[in-house]
Each structure stands twice: as C-alpha cells, then as structure tokens.
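Below are two complexes that have chain A in common, paired first with chain B and then with chain C.
And then the complex of A and B:
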C-alpha cells in the first residue's frame, strides 16, 4: 500500500499546492514578518545559559534571555538597566543591591521575582560549567553562593563579593550570558535527580527576553518567535529563523537569490564582490578579538628590549589592513579591543625597516638572526605570517614558518617551547580585566605556575605591571580606572613582547529591505529583535 | 675495450641489432637500442618524455627563467592581479608572480620525486628479493611487515609520519618513501620467485656464490626493470601525495613555492581569482600525466618479451 496516499485526490491537490508553494518561494523573498539568517552555528552545544560559551549560542541567548543589565550597544562602556531598574553599591564596595523592574513576566507567564534572579546566579555557580568563572572570580563558590546571592525582598537581590572590586568590573560581568535570568518555577518543574533542570534546558527555553526559542536542531535550524510577554518594546518580527549553512559560497548564493535576509560568514572576497550588488548592504562592528604575534622571552635574541621593539616596526600594518584583513579586521595596536572601557586607539607603529635595523644594531645583532614562528594554516593568519616574514627579512631577521593545525601550534605555545607565535585572543566577558588578566598579568613566571596567562606563555616576567593590573581591577572610580588602563596600554605598547596587529571586525551582508541590523561588539549583543523589514 | 669491433660508419644500427653480439657490452647496448626503438614508436610516451625533460630543464635553469623572485611580492600594488603580459599566470595573495613560483616549484617537485625514488625503490627491491630468494621464515616475516604497511591508506600514514616528524619538505619525502616501498617489495618478490629456480642460479650456487652475491648480482638486476616501470608509474602518485601534504599544510613550509601549498592558498580565491589555484593545478596535472605516459612507454620498452 505504498502508493495509497497519492491515489486520494485530496492528497494530490495538496501535493500540487505544496509544489506551487515551493516554486513560489524560490522566486519570492522571505515573508515580511520573518527574518532568515544563514550562519554556520555548528559550535552550539546547548541552550542552557549556564553552560553556553560559544559564539553562536551567545547570540541566541542575547536575544532570548534578559539579564540584570545590558551594556549599551552603541557605547559598550556604558551600562543600561534590563531586568534590574536600578542598582547600588555599598560603601565598602562588596555588596551590590539590585532593584528589579515591576511587572516583568517570563514567556511562560510567570512573574519575574528576586527568587528567580538568585536562583539563576546560584544555579550557574553550582553547575560550574565553562563560563561559571565569570561569576566565581568574585569569590562565589558552590558552598557559599546561597549566602552571597540572596533575595532580600520580592524585587530586591543582593550580591556579595569577597573583595571590593571595581564596581564596573562586577557590573560588566552581570551582562554576560552566564548571568541570564531563568524562570525558576518552570526550570525546577523539569528537574531530574537534582540536576537543576540541566538536562531539560539543554534543548528548551525558560527566559523572558524579547524573542523566545521555539526549536533548535543542531547543525540545522534555530527558530525564535516574538515573546508577547516581554516587558519592553516588542519585536517587530514575528519570527527569526537561523539556518545552518556552512559554506560561504552557499550563503552568498542564498542571499543573492533572496532566500536569506542576512548572511553571516562571507569571506572578504565575497564581501568585495557583493559591493557591486545594489540589493545587498553590509554592516560591520569591531569585535572583542585581537590578533597578535608574540615573542617568547626564553629566546635570548627575542628577550632583548630593542629586538622586541624592532619587531613592532617590521610589520606593514597599513598594507595588511588594506588587503589581507580588508572587511574582516581593523589595524589595532593595543591589548584592549576598541569598545572596552579605557581601550586606547593609539597606533604609533608602522613599517620602518631603517628604524628596526638601527634597533637591531643597538641590540648587537646588526646582521639580524634566525628564528621560528608557529603558524596555524588558516587564513588570514598564514597570510599575515608570510607578509611579516617578508618584511622582517628586509631587516635581516630570517623567520622560519612552522605550519601546523590549531592543536599542534597551541600545544607548543601552551608549553612555551615556541620562538614566535601568531594567534588571537577573544575577550571572555565585557570588561577590560579579561584582557589585562592575560596580557598584562603574570603572577608566577616559573615553569610549573598555576595560572598560565599569555604573558606566562611568553615567559614575560612583569611583577610591576601585574600589580598595576590588579589595582585596576579593584579601582572603584570608573574614570580613574579608565586612566589606569590607558597608562598600562602605553607601557605595554613600548615594552611588551606582543606585536598587536588587528582587531577582528565582524561583517554581515543583508538584503536592502532589512533595517536596523547592527552586529554587537560581543556575540550576545547582536540583537535581531531590533531588526525590521520593509 | 678490445671487444668493440669498430663498425663501419653507418653500420652502427646493424652492429646494435646484431643477433650475435660479440661482447656483453654490445649485447647490453643492443637491448637498450631495441628498447628505445619500441619506446620511440609510442608517441604518447615520447610526449611524456619531452615534458619530463622540459621539467628537468626548467628546474635546472629556474633562476634564469623566472621573471620575478618567487618569494617577494608587494601586497599593495601587485596582489591578486589577473594573468597579463607582465604576469603570465597572474599573482597570488601575497603579490608574488605565480609563473616564477611555478618555475621554482618544479625544483621541489623534482626533489621529492627523485628522493622518494632513490629511497623507496632500493628498500623495496632488497626486501622483495631477499624475501623471495630465502623463503621460509624470513620471507614470511618480511612479507607480513609489507602487509602491515600496505594495510594503511598511504596519505593517512604519510600524514601521521609528518605529524610525528614535524612539517617540512624533507620530512614529507621521508614519510612518502616510508609509505611507498611495499608495492616494490611485492613486485621484486614475485619476480624473484620465478627466477630463483632458473638453471643459471643453480649454476652460480654450484660455483659456491654466497646468497648475498646471488641476490645482488644475479637476481636483482633482473628485477630492476619491472621496479623501474612501477616507480615511474608511481611518480604521479608521489607528486600528488606531496601536493596533498602541502595542501594540508604539512608539506613545504611557507613561503616555499610547493605546488600543493600554492593550490591550498588559492582555494580561498577560487570563485573570483581562479588563476591562483589554476596554474599550480595545471602544473601538477601536466607533470603527473607526463610521468604516467613515460611509465607506460617504459613498460612496453623494458618488457623482455616485447623487444624486437
């Protein structure tokens, strides 16, 4: 009876109608109230904010879950209220009190209370998944979190830290996905064996954000719908569909044909080619990821301060910026990416072979030297490495490139057995301490140190700078804190063994009828609920 | 060389084709001439030979032939230029002239091919003849080792070796050599098995020759021709494996103009700047094809039954 269905006239009609629909959709654009995004989101492993730490999942969480505060997308160093309408810091700087918004509701209809907030933060610390360090760095542990994070009134929550950190530091961390607010009633009703709803939340949704997650099928689709219970301005779009499309070329074709509204993983070449198409527009935002070349201080040549400086004069920043990283990066020479509090935009270095030669002569190496560089064989990193190899050769520095995959080069880098390394660093949370912690702090430079930040990986002993970085994390006056970071960056530019090259720029191409699309500085701040379609 | 009876001018052909050679030298030269006549009648084989000779010449005179440096380019002014009179094959993403890189890359290709042949063929030959001649336990042991090597996919095994030894063209050569000797051992063993019962071997044995002498002087020379044919036919595979390793970033180190690595580089630009990948791809295709044609011709020419 395999063909029975097709014999029924109703089914036949239905099939014909379906076929026509399909034919129609191939020509027409996507529906007016639906946004279709093509993106490679195969890194997503969960829908649980306490565990998700991937770039793509960050964006889904940012659109679907509220948190106490968000940062201002237009000026990420400013904070805006979200579920908390106001917040205060105690005079000793250790207790933060959040006043919640009245009348806010979860998508399920349950009211948002201080119980939910306390539960969400406690749950993240208790589950202790990858991103939990963003909260536990303030002295929260599984054992003490119930005392440190408390609902003190129906709409009042307090958070106690172990030291008096810079308030901006603590508050910035509250904008992270791991601090998203969950619907306690709903999550706990799905709890199995005391897992705090962990198994259920992997593929389900319990938030209050402007969009709600309807369905996620790994490596296939993620569908979000408007949340009509949202406290703020409701999304103009009825639904947002993310389609997993891995190949850039396929994304480009789908966008050009109108089957997709936004394409997210186009290559610089695709973006260049699409500039000629008047139906397609592009938008980009600098992200929190910086690319750098580092010089291992265990190498006696690279340890010379003059050599460190000379390397910085041997990169043709402008040419690289205009060619290899065109559309995907912006030349940047500081360890704090633009957008973070206190980030400097100073760019003192440019290609100057004579100056570098002078410095090398001063270091006692007038004829240059030989050195190796570990390079991942992916673009644009490899292209940049080859370009630097060429320019360094002009000053007599002979760089031998050792190609490898990510695991090989990273293993070597982590064991600090490299000479030179080219790689990137992405901000873990939206506060300058995330990068200062790794670039400018090295509390223990011995081989068996407990914490191994980037400064350690390059054997750069910096007791003074470490103290400054620690002080900046505790400075309570935001303006003063900003100044401290500016000062640290100036010193870092001159003395560090890091040649900062560029900051990543994420570009999306979209159909001309899409409006108000803005890529956020972090993945959780690309807000699709603000997008409208003509 | 008293054995060489000075033939009359123009009688060289007759002398070479003589049914009754009067010296070993004459016999060997005669056989070679016969082989050459068979070979030269095969036009495709001649085409293959011409391309291989051209490759040799290009590699030899790379410095004179290449119009630009293969290592220096200008990001600003010469990046990704389409083929033109100034740059016949265009320029790549670092602004380097692709023609110059292909010309210099021919050296690397030849280096890999020759070195693998020098390393792998003797190993295979020795293992195969020794196994075939001695038989018994030694044969079983050597052939099982061969089986083990044959059981791995070649590129995967080469990848593992390169990962262990570290990237670089020398290590790629070693890895390919290690993975390509087993077929030669098999061929040499099969040949040895047919030869070992021959009367002349029994005669040498009676004269008291040591097994090593028999294998080296009396068996191996007879196996060489079939191994040479097989090696020539394999050269295309060797080039492709080397290019594959280069493509995966485990062969040549940048900025070495290795053809496989050049294709890997051009992959990003294949939609809009096709020439970056096309030129090295065509070079690999041409040289592999040439070695295959040459190998085919050699097989016909070196076949003892085929010589007229």
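And then the complex of A and C:
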C-alpha cells in the first residue's frame, strides 16, 4: 500500500524550542472513555472495504469490519477465527468451506448469515475496484463468482478456486480488508441504479466489527464508537477519534499537552526527544513495508549486471540505519519483509567503494557515469537519496536528484521513464506471494503488458524467476514453500536491479495512561478496540 | 412642453437607460469572460501537470484493466477540448462534480472548508486593518522618528519570518507553555459531537446553540491563528498606509489646512486619512481576498481544515473537480471584493459621484 509521507519543514527549529518551552506546562486531558489519535490520514478516499486500499483506511476497516479470519497480531503466521468459527480445505485443495459463528450480529442488529458473506465477496469481485485482485487472483471473475462463492447452508459458505493454491495463501488473503463482511440487507437497501450500494458505502458503514464508524470527514476527522452488538469482547472505549494532523511538530505538541492520546507520524528526532518524557511511551512494530532504490533496465548503463551490483555496494547502510531511519526502520536487504513466511535476514552488502569501483571498471565504466533519480520530497526518502548521491559520487557515479511530489514521481515511475527511483512497497496481504508477485515476477516485459509489477516498471525481464514465483504460490507443503522463497531471495539479492535498503518500523508515541496499544504488522491489524485508558 | 421636447426628453432618458444597460451588460460580459478564462487556464494546467489523475482514484496497486476502466469512466480518454466542454456544461447546470479524495460533491466540501477559512481571514483582517491603519498613520506622522522605525521593524519581521515558524512558536508559547489559547484544530474533541453544524462557522454555530462554553473554546482555538494572519496583514497594511499618508501630508491642501489653523489631529484623521483611505480600501480588500484564498502553511500548522489545504491537497492529487471548484470560489472572492472596493471607492471619493 502507498504510504502517505509527512512533511516537516519546521521540525528541526521546533525540536530545539520544544525542550526549552515544554517544561512545566499545564496539562489538558481527553475524556476518559475517548481515545484521541492524531495521524495524517489524507490518503483515505473511501469507507467501502471493496475499494479501500490505503494505509489509514486499512486501520479504520480493521477496527470496524469483521472478516472470516484474522491473523494473530503476535504471530502473523497463525490464523484465528473471526466470523468463521472453523474452516476446511477439500483434498484437491480447490474448495474451502467456512462454518460461521452462531449469533453474530451486525451493528444494525441484522444477523450475520452465509448470505452476507457470499454477498460481500461477490460484491468485491463484481465491483472490481483496486483491491479486488486479492480475490480475483484465485480465478474469481464477475461472471463466475456467483457459482464459485456460495452460501450452502444458513451458516456455511464455500469458496472454489481455479487451481490448487497453497492453502495458507488463500486463507491469508481472506484476512484482507477486501474480504470484509458487509451487512447485505443494509447495503442493498441503499442501492442506486444497481451499484450494489457503492455510492452510499463510500461515506457510510455497514459492518459488524468491535467499533462502528460514526463519521468520516476527509482530511479532518474520523470518529468510531463502540459497537454494542459485537460478538466478542466489547471495546472498553466508548469512542475512538482520529484527527487529521499533517504536521509532525503539531502532533507532538498535542500529545505532550494531553490533547491527544496517541501520535502516529512523529519524526525520528521527536521520538528521540520524547524518550526523556516520563508521561510519554513509545511502541513500534516492523511493518510489511520495504524501501528500495530501483534501476531502470532501459538505461543501458544501469542494465549492466556489474553496475547493478556496484550500486548495492555504494549505500552506507550503517550510517543510514543510525541516523536517517533511527527509530523508524531497520536495515533490510531482501524483498520479503521480516514477518512474512520465508523472509530472509541476510545482509551481505555494506559500503565498499573500492569493490564498486572494480565492478564499474569491469563493466567498462571506470570513470563512472551520469544518471538521474526521482525522489519524493518527504523524509526519510529524501535524506537517503542524498546520502546515496554522496557515496555513489565516490565511485564516479554522478546522480542528479529530481525532486517531486509523491504522485508526480509515481506517475513517471509507472510509465518507466525514470533512471533511478527511490520508493517503498508494502505487503497487500499477509503472504509472501504479495511481494514475490511484484518484485520477482514479470510475465510480460512489453510496453503494453497486462500486468505491470515493480519488475516491469524497471524493465527487468525475468522469465525464469517468474516461473519460480508461480511455483511457490502453488506449493502446498509449507516448509518446501518457505525454502523456495529463501532461494528466490538469494538470487534476487545478487542479480536484481533493486537495492533494498530498509524495512519500516512504525512507531507510535502515546500517553502513559494508555494501555494495550500494539501497532499491527499490517495497517488493518492495529486494533484500537483493544486499547484501554487509565 | 412641446411634443418635440417630450421626445427629446424621452430620448435622453432612454439613452441614459441604454448607457446603463450597456455598462451592466459590459460588466456581465467581463465577469463571464473572466470566469471562462479562469476555468480554461486552471483546466488546461491541471491536464498538463505530470500527475496521472487516475492514480488518486485507484492508487498504485490497481491492475491495468481497472486503470483503463476508471480512465474511461472519468472521461480522460476523450480529447481535451471535449473534456473542457463537458465540464463547462455541467458547471452551467450547477454540477461541479465529485471530489475523488473526499467522495463528496465538490461544493459540499467547499461549503465545509470555506467557513473555516472565512472565520480566520475575517478576524485576521479586522485585526490587521484595525491596528495596521493607525500604526501606519502614526509612522507617517512621526516620519524618521522612533515610532516610524518601530513600525518598520514590525513590518519587516512580518515580511521576513516564515509564518510556519511563527505559528509553531506561537503554539509553543501560548498553547503549550502558557495555556492561554486552544491548540490546533477548530474546537476541542470533547465538544466535537455535542454540536450540530448549522452555518459551518464555529462561532456562529456555538452562539446559535447557546453553548457559551463551546463558543469560548472555539474562540480560544481561533484567536492564535487569526492573530498570526492578522499580524501578517498588519505588516502589509501599515506599510501601505504609511506611504499613502506621506503622499497626502505633502499635498498643498494640508498646508492650507494648517494655515487655516486646524488642529493637527483634525488634519491627519479627517483630511489626510480620508483621502488616503481611497487607495487603502483596495489594499485592505485585496489583503482580505488573499487570506480568504486560504493560507496553506497556517492551516497545516494549526490542523485547520480550510480552503487552502483543500485546494493544495487536491492539486497534489490531480483531483481536478475539486481544484476547479476551488478556483471558481477563489475567483469569485477576488471579483466580488474588487467590485466591493470599487463601490466603496465611489462612496469615499466624491469626485467619482459627479461623473
């Protein structure tokens, strides 16, 4: 998923003055039963789980909508029942049967039935919005979904896939937001012109989760309330209110002053400074998001294997880890983020200018070359780009940084007209195939290809690796599957045009009276309904 | 009265009517062309910026067929002139389209964002003009003196200190340290849901509901960012006042008034300022219009959901319906305030009445 970066032109000035001024200030406080979260959530564009695919919206959906299963936040490789109390896979691996929990109700009071489950999955496939691919990759289409996803009893639902995929792959995808269960009766009562309630649900709510969405005002506020109809343990908090605050320094002020309970977009400097404040605590979790620099293979210099490798030796990982991404990331050199099945923690690369120079000489470029890099003007991306610019210069590679807004650099990247690009990629669902699918698969490298994964965007033609990635998605023996990913990552480290730099560590700072806050590995697993306040 | 005279008189009257209609007609034509130009420029700039508008709708992960379908749904595959024509036709029917980012009709968004900005800008301009004019007069009278230098330094600081930094410092001192004012946002969360918005103006809404505690809270949130904007417009207004006043004080009628033995106070405030007011009205109106456009940085620091943030955010996402809607509103403000200052001009300057 796309990260919404945060701008902080004033953070340094602000930080200096904070220390001077914060001491001895009077404390405001939020109501006891209300949790106030300050966060930059201007990426959210809809409240419809079938369309929503942004980081912040993921969290809102995760708190307000149930799905068939959820993964265990403490051990993401384990699946937990949610609305489905049990599930089975047929011997041929193509039919999944889910038994629903009895007595579950939507926030509206309507009972949760197999009709609702079938409707929700069918609706997501039929609407075919951005996240629908998570379901359609199993062979579901607009035309066949009514036969493939069926209510076979009042509380029984079956799902049929086109191939025999790794069961963990299919089940992992059922934890995604796009598979959230909607109140069919409510949604269909709001239908206009056969839109399956699409226009209405954009700004409304029809779920059964622990919290219900009361109001969303884009770029301003999102308010959730306890859902008293929830089947499980009810939220201790009566209200969770997210306020959109874009500026990190402002977030910190609100938190320290007590007008906010949790601040989500603090800078590494802010987090460092707050360690001295005993009223504030911090919690962090490695996320499924990796940051990388990629080299477009349409550029003849960057297409040379030696140059690809040389670039990996021209990044000062240690310095970046100690400064730019301190508190917010960990150095990581593999395309699978830690936490996903088979993720490797190998870190063979370090800054080695001589080695890089040798490789460049071998590539016939002993004096280096000139190249451009498109960079979003947000931290830490900009800082990392500048650091790499410095170290690459030492080997004679002259990188010209082209700064741009997020959507602007992305537009260029997607058209593959860049040379180098610094970006990030977050797991779309909690299965290794999500990243293998984009980093290590490129079924068609032509300009008008049907699918355009990251490998395509960098014009990296990899028929062999694509086959390996496909095979891993079908491997039903989990241990074997793990081994396949390990092997793919080893090959990828050596040959790919991707310089993997770090894995994101999301840190939230919160007031000491807040308890049980845990940032989830994916955005939809940060559960505010579990939080309590003293 | 002869028939000839009657005809002549009628002819004169209808000629005057015709001239009046001509002026109104020409005025309407100018407004129409201004809007059309405004729309065309914004529209075509919006289409040439190197951002794919589809990205804002479907995000970075959408499969290719979804991207193509959405591009068609948004009409982006049509020729540019046709897209513009369709847009204009819809606007004439009162349909400004839907914002991609907020899922709301654009005008609904603006109706929510604009009051927030108006509140800030109005209070800011009242402060800026209320203090800036007297300060400017004072500086002009004491030209070269300590007062003049003081006002100049204040103005210079207002010009050169980034509003972003000043806002943050203001928050640190008055909100965090002293606790005199409310923090970022328009009102405390505690009041957020006890209030039904009627006008969208926090101060009005709380007053209508008779919630005086909430009114006080909203005011405490408003006062700091408004003062900040007020300070910046003060810096501008006082400098302009000073130069207009200096110009007036050198005129012969001032010497004549002094020779007549009028008091200095009367000369400055009744005669010179009255004349300086004429161009000053335009300055104040334009500075007000500038603030109404929304101050992006102030709105960012104070988490103030106003028009500036809305338009900027929309532009960065190539959400063109929202940008165009915002442009029309901002354009209307400028046209409206220009018109207003024209009318005030006529009221203040007796010479324009006889013409």
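In this section, the second predicted complex is superposed on the first by the 499 of 534 C-alpha atoms of A that agree within 3 Å, B and C clash if a C-alpha of one lies under 4 Å from a C-alpha of the other, contacts with A are read in each partner's own complex, and residues count from 1 in each chain.
Quick note on the criterion: a residue touches a chain if its C-beta (ideal position, glycine included) is under 8 Å from a C-beta of that chain, and two chains touch if they have at least 3 such contacts.
Because the structure is predicted, anything quoted here is derived from the model rather than measured.
Can A:45 be said to touch chain B (first), chain C (second), both, or neither?
Second partner only.
Determine, under the contact definition given at the top, whether A:189 touches first (chain B), second (chain C), both, or neither.
After superposition on chain A, A:189 lies in contact with neither partner.
In this superposed model, does chain C or chain B come into contact with more residues of chain A?
Of chain B and chain C, more residues of chain A lie in contact with C.
After lining up the shared chain so the two structures overlap, which partner does A:223 touch, if you call chain B first and chain C second: first, second, both or neither?
After superposition on chain A, A:223 lies in contact with chain C alone.
Counting only touches as set out at the top, which of chain B and chain C does A:324 meet: first, second, both, neither?
first
Which holds for A:250: it touches chain B only (first), chain C only (second), both, or neither?
So A:250 only meets chain C here.
Would you sort A:259 into first (chain B), second (chain C), both or neither based on which partner it touches?
In the superposed model, A:259 contacts chain C only, not chain B.
Mind working out whether A:144 is in touch with chain B, chain C, both or neither, as first, second, both or neither?
neither
Between chain B and chain C, whom does A:367 touch in the aligned arrangement: first, second, both, or neither?
neither
Now for A:88: first (chain B), second (chain C), both, or neither, which partner does it touch?
neither
Would you please give the residues of chain A that touch chain B in one complex and also touch chain C in the other complex?
Dual-contact residues (chain A): 249, 405, 408.
Flag every residue of chain B that touches chain A in the complex, lowest number first.
Within the complex, chain B touches chain A at residues 71-73, 75-76, 79, 93-94, 163, 166-167, 248-250, 253-255, 264, 268-269, 271-273.
Could you list, by residue number, the parts of chain A that touch chain C in their complex?
1-2, 7, 9-10, 13-14, 17-18, 21-22, 24-26, 28, 30-31, 34, 36, 38, 42, 45-47, 53-54, 128-133, 202-203, 217-221, 223, 241, 243-247, 249-250, 253-254, 256-257, 259, 405-408, 410-412, 414, 428, 449-452
Can you list the residues on chain C that touch chain A in the complex?
49-52, 55-66, 69, 99-104, 109, 112, 162, 164-165, 168-169, 171-173, 175-179, 183-185, 188-190, 192-193, 300-303, 305, 309-310, 313, 316-318
Applying the document's contact rule, which stretches of chain A touch chain B when the two form their complex?
Touching chain B: residues 249, 267, 269-270, 272-273, 316, 319-320, 322-324, 375, 377, 379, 382-383, 385-387, 389-390, 400-405, 408 of chain A.
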